[in-house]
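Please find the structures below.
The same chain A turns up in both complexes below, where it pairs with chain B and then with chain C.
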Partner chain A sequence: MIPLMRRKEITASYLFLLPALVLLIVFYIVPTLYAFIISFTEYSVLKPPKWNGGVNYIRILTSSTFLQATLNTVVYSLYFIPGIILVSFIIATFLQEFGGRWSGPLLTAFYVPRMTSMVVASFIWLWMYQPDSGLLNSILKFFHLPPQQWIYSTTTVLPSVALVTIWKDFGYTTVLLVAGMQSIQTELYEAARIDGANRWQSFWRITVPLLKPVTLLVVVKTFIDSFRAFTQIFVMTKGGPANASSTIVHQIYVTGFNYLRLGEASAMSFVLLVLLMIAFIPYIRMLRAESDV
Partner chain B sequence: MKKTLILCIALVCFCCLLVFAEGSAEPKSKPASSPSSLSEPVTIQLLHTYGEGSKKAARDDWFVKFAEKFPNIKLEATRYSLDQANQKLLAAVAAGTPPDAVSNHYYYFTRYANEGLLEPLDPYFAKDGIDPKSTFFPSALEISTFNGTLYTVPQFIYSRALLYNKDLFKQAGLDPNEPPKTLEELVAYAQKITRWDGSSLDTAGFQFPRPDEKEHMVNFFIMLVWGQGGDIFNADRSKVTFDSPAGIRALQFYADLANKYKVSNLTFGAGAQSAQKPFGRGKAGMIVAGNFDLVFMRETSKDINFGAALLPPFAGGKPASLVDGFGLAMLKTSKHKDAVWQLLKFTAGEPAQRSFAVLSSNFPALRSAANDPYFDNDPEMQVFKKSMDVGRAIPPVHDWTEIQDILANAISSALNGSTAPDVALKTAALKVNTEVLR
Partner chain C sequence: MKTESRFFPIFRVLVVVFLILVAVAALVPFFWAVSSSLKSEEETFSRPFAWIPEAWAWENYIKIFERAPLARNMLNSMYYVCGQLILTLIIVPMAGYVLARKHFPGRDWIFVGILMLMVIPRQATVVHLFVLIKNFPLFGGNNILGQGGRGLVDTFTGLILPRAAEPMSIFIMRQFFWSMPKDLESAAKIDGANEWQTYRSIFLPLATAGMSVVIIFGFENAWNDFLWPLIVLYSKQKFTVQLGLLEFQSDTGALWAQLMAATVVVTVPMIALFLVFQRFFFKGISFEGVTK
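Let's look at the complex of A and B:
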């Protein structure tokens, strides 16, 4: 039998949780359940949903367009994730080693793109990527280098879009890495110095291993972001040229709002969820292993 | 306590799902109000896309004239861009707050009609003794009809033709009053006009539509097919036929413009707006344009000395043009159908058709309004008027958006040389015929 005071505490806890719980249910859980249900229907918004079993899932998994979108998303991730980690690591290390009193202002400056909207950033880069008079090709021309097609070529469109996202988000990942580096005890570096380790050895033997949890967090976050890429594609390329930059989320949008097949679009979103969950299995296993230790 | 909490959460979820399900039920069509109700003030809501350039002036004139004629009908008009209007309508329908009338490009109406959103208009025309066939141009009527039923009132139509820079013609030693009569001549003229600055294109002899101009690119391809007597659909529109010999020849020619004749490239002018576009800066000898482009050219590129001509066919073929249009539709869910019909009838008649077309540099869908001196006195508009005679519209097919995307990808991959034209078209046709038009 729970004592009265304890029951009152428990009741009060649930009451405090209630507003957040209601919001979570109404805006997250219920829409997700509803989306799951309509993924088994033919639904255009303009007519009531009509049950069609798993036809949407079969259609998606046998659609060359969806398969290409999945491949494009994976390729985009392969450009984006290493790119943003590399850039963030270099800048975080530079700030930590040489930043001094300028670290704070510089970190703030690097964070500014993160605060702009992706729509605005995309329009700015759309102008910069103009093949005839854009900033980037003008710079290349100045150095007598051949102009590039950037987002107008099937081979360069994905790295060009990834570059935009890297520019916009590297400030955030840099902040995380800097915070991680600052949490490493300085005594470790002093001990290493006494033992004769140089800067490079300290970096590889102390900084990188101890940054593992933060690095993993950054990888997970950038991985999720890469699979959610949509705004920059919608604004800059509309999935072109020749579907070369259409990602899964872009296909979800096109299928739902352009083709009026919201049932199929919902099914795509759950396929994306399953793909992400599969990709997260190694990470979850690693976390469990670390917590067991 | 935990079990109670879980039960409460499950109950709330169930209730919310019920509310969602009820909200997505088909909106009930309200009966039309009685004819005599127009003597009382009524407000109708219109969703439209007219807000930029020449259409802004035409829109304002349309609203003013309607308000003068029907002071009891208050029009609450909301404007969205072409991309947004579709989404906003879907959201409004899903929320149970759809507008009474919608104005948009006819591509969208085929989808709405297919989903049962639009009110059939044949009974309204019949009740007022109007015969649409004798009232409107055939192409205007074609794009307003879906599955044999008239769903929209065509507001205006437009076509495409060749615009050419007379000064660049002169500089290349060509007669500025003799535009090309065949596509073979077009290539020859374009090659004389084209200028390169090292590896960068300075002046395009013929600036063909680029892959990032998806709709424009597909329309140009279709005109090349039609110019050979070919077609993109079979007779009953159950299959696409753009992979026919005419289609392959059209795409091969299109790809050759970029890769063999090099009269332009796939990125020339990309990202440029209005006056910055190459033709407006005097950096393109010829382009395929719509009559609506005349307004921009005359406002922003006054120093460009240009002329218009029909897009020539291959030698031995016939010129072809593509006709497009915007329409106005009534939603089935409207509670003020009589008032909305007055708006539609007003829009379909004089003087609305005439003034909208003249102010926006488009063509009226109404036959009698096309006799305005504006269309006969303007030399370039005369050419576009002639192009209406050889013009056809893409048949209203409710899957056209998806078909257009697949065709655009095929054309794009042939233009950049990654796929041979026949392979690209056959693959696209197979995909459309097996996955889209089932």
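Let's look at the complex of A and C:
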């Protein structure tokens, strides 16, 4: 027998949780399950879904457009992830080791681009990337360097889009890394100093190893970010030139809402979820460690 | 050690100068946007470009409000932001509270489930969320099976409801309640307060810092949201600011000065919010990143 007091407490707990649970189930879990069913049907909003087995999966996995988009997503992430991690790691280290009282104002300045929406960031950079009148080619010309095609050439479009995203988000990852560095106890550095270690040694022996969890978090977050890239592509390139910048999410959008082939779009969503699984396991493990469950 | 102390000050100055240069570079796109927004459309194409406009074209900032319903869009965005925040602030702290402070069967499973939902990006299930919103039973002319009407498509309810309980916000609130002292409950028990009173008068007032983090991220997410409004909203009079910006671009190109003026107008509230509440932004981020 559970005592009455305890039973009341349990009931109350469920009631407190109920509204959030209902919303999470209806708007997160149901759509995902629904997607799984739809991905096996022929469905175009106007007509009711019709079962067609795994045809959608075969269709998308043999479609050169979708495979190109998947490849683009991977290539994009190979520009974005190392780029943003390198930039923010160097800046965070410099801030922490040498910033002193400059750290605060500098961190504020680095974070400001993050406050733009992706639409705004894309428009500003679209304007800077204009081959004839944009800022970047003007700067190149000033230094007598050859002008670039930026987002208008199949070879440079992905790094150019990645650059916009790095610009927008590096302040955020820098703040994450700085927070991680600040959480390392100062006593450790004191002890190292007494033992005769210089700054360089204590950086490699203390900061780098103890920063591993935060670095892993940044890697996972940027991984997820690069696999869900959409707005910057929708606004700047529309997937072009010649599909060279179409990503998986862009294909989901085009297939689902321009061509109204929701079955195929759902199948694409599941391919995306499977790719994201790579990041799921370390991330969940990390979050669980963080919250002591 | 001696060499380090001799060279360290010089090296430090070099590093700080380098960091300042990076900060300036990070802000250059804004200077460029503001500078372009104050030029005439002809001058935006003149080369070599100048940072200071030849003739200050302040009228761009009036033209954008005449050309597109930007004011209406901003109002819609405020509506989206406020509606979502009100729901979030009622629902999310309650959930975070019981997940952190109560013991009941299934609690840990529910929590791990929420952690997993945090990892699934909204973009991955956006098509299905749309189908669900369209077939939402008993709304917008739909019958109980969700057929026959438009459901919640093109409504603010359809825009707001799916975003009211973000797994991330629940996680942040849970961490806040978790970090509070262990014996807070016993004080309430002595007073004979019931569950709701304990939550409302003891825990909630202590969680204002956590709520601020949730408010600020909610504001940022809703104001900057693009894909979901793009899919849910059809009628132009319901468009949010981010959708409204698309009006300034056409297939034949854009009027860059006006487009830049519009981006400035849309971005200034967010940057102001950040500069005023910076503390909460950084606090929220450290909550995500610093493992115990």
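Assume the second predicted complex is superposed on the first by the 277 of 293 C-alpha atoms of A that agree within 3 Å, B and C clash if a C-alpha of one lies under 4 Å from a C-alpha of the other, contacts with A are read in each partner's own complex, and residues count from 1 in each chain.
Convention: contacts are C-beta pairs under 8 Å (C-beta built on N, C-alpha and C of every residue); 3 or more make two chains touch, one makes a residue touch a chain.
Predicted model, so just to flag it, every value in this text is computed and none were measured.
Based on the superposed arrangement, let me know which partner A:Pro282 touches: chain B (first), chain C (second), both, or neither?
Neither partner.
Answer with first, second, both or neither: which of chain B and chain C does A:Leu106 touch in the superposed model?
After superposition on chain A, A:Leu106 lies in contact with chain C alone.
In the superposed model, does chain B or chain C contact more residues of chain A?
C
If you stack the two complexes on chain A, which partner ends up touching A:Tyr14: first (chain B), second (chain C), both, or neither?
both
Contacts for A:Gly240 in the overlay, against chain B (first) and chain C (second): which applies, first, second, both or neither?
first
May I ask you to decide whether A:Lys47 touches chain B, chain C, both, or neither, giving the answer as first, second, both or neither?
first
Would you sort A:Gln149 into first (chain B), second (chain C), both or neither based on which partner it touches?
first
Tell me which partner A:Phe257 touches in the superposition: chain B (first), chain C (second), both or neither.
It touches chain B and chain C both.
Examine A:Trp127 and indicate which partner it touches, taking first as chain B and second as chain C; both and neither are also allowed.
Both partners.
Who does A:Ser64 touch here: chain B (first), chain C (second), both, or neither?
first
On chain A, what residues does chain B touch that chain C touches as well?
In the superposed arrangement, which is not itself an observed complex, chain A uses residues 10, 14, 21, 26, 29-31, 34, 45, 127, 132-133, 257 for both chain B and chain C.
Spell out the residues on chain A that touch chain C in their complex, using ranges where they run on.
Touching chain C: residues 8-10, 12-14, 16-17, 19-21, 23-24, 26-32, 34-35, 38, 45, 91, 94-95, 97-100, 102, 106-113, 115-121, 123-125, 127-128, 132-133, 135, 138, 142, 167, 170-172, 175-176, 179-180, 183, 198-199, 213-214, 217-218, 224, 227-228, 230-231, 234-235, 249, 252-253, 256-257, 262, 265-266, 269, 272-273, 276, 279-280, 283-284, 286-293 of chain A.
Quick one: which bits of chain C touch chain A in the complex? Just the residue numbers, please.
1, 4, 11-12, 15-16, 18-20, 22-23, 26-30, 32-33, 36, 44-45, 47-49, 90-92, 94-95, 97-99, 102, 104-105, 107-108, 110-112, 114-132, 134, 161-162, 164-165, 167, 170-171, 174-175, 178, 194-196, 199, 220, 223-224, 226-227, 231, 242, 245-246, 248-249, 254, 256, 259-260, 263, 266-267, 270-271, 273-275, 278, 281-282, 285-286, 288-292
For chain A, which residues count as touching chain B in their complex?
Listed in rising order, the residues are 10-11, 14, 21-22, 25-26, 29-31, 33-34, 37, 43-49, 59, 63-64, 126-127, 129-134, 141, 146-147, 149, 152-154, 237-238, 240-243, 254, 257-260.
Would you mind writing out the residues of chain B in touch with chain A in their complex?
1, 5, 9, 12-13, 16-17, 20, 24-26, 86-87, 90, 93-94, 111-112, 115-117, 199-200, 210-212, 214, 266-272, 276, 399, 401-402, 405, 408-409, 412-413, 416, 418, 431, 435
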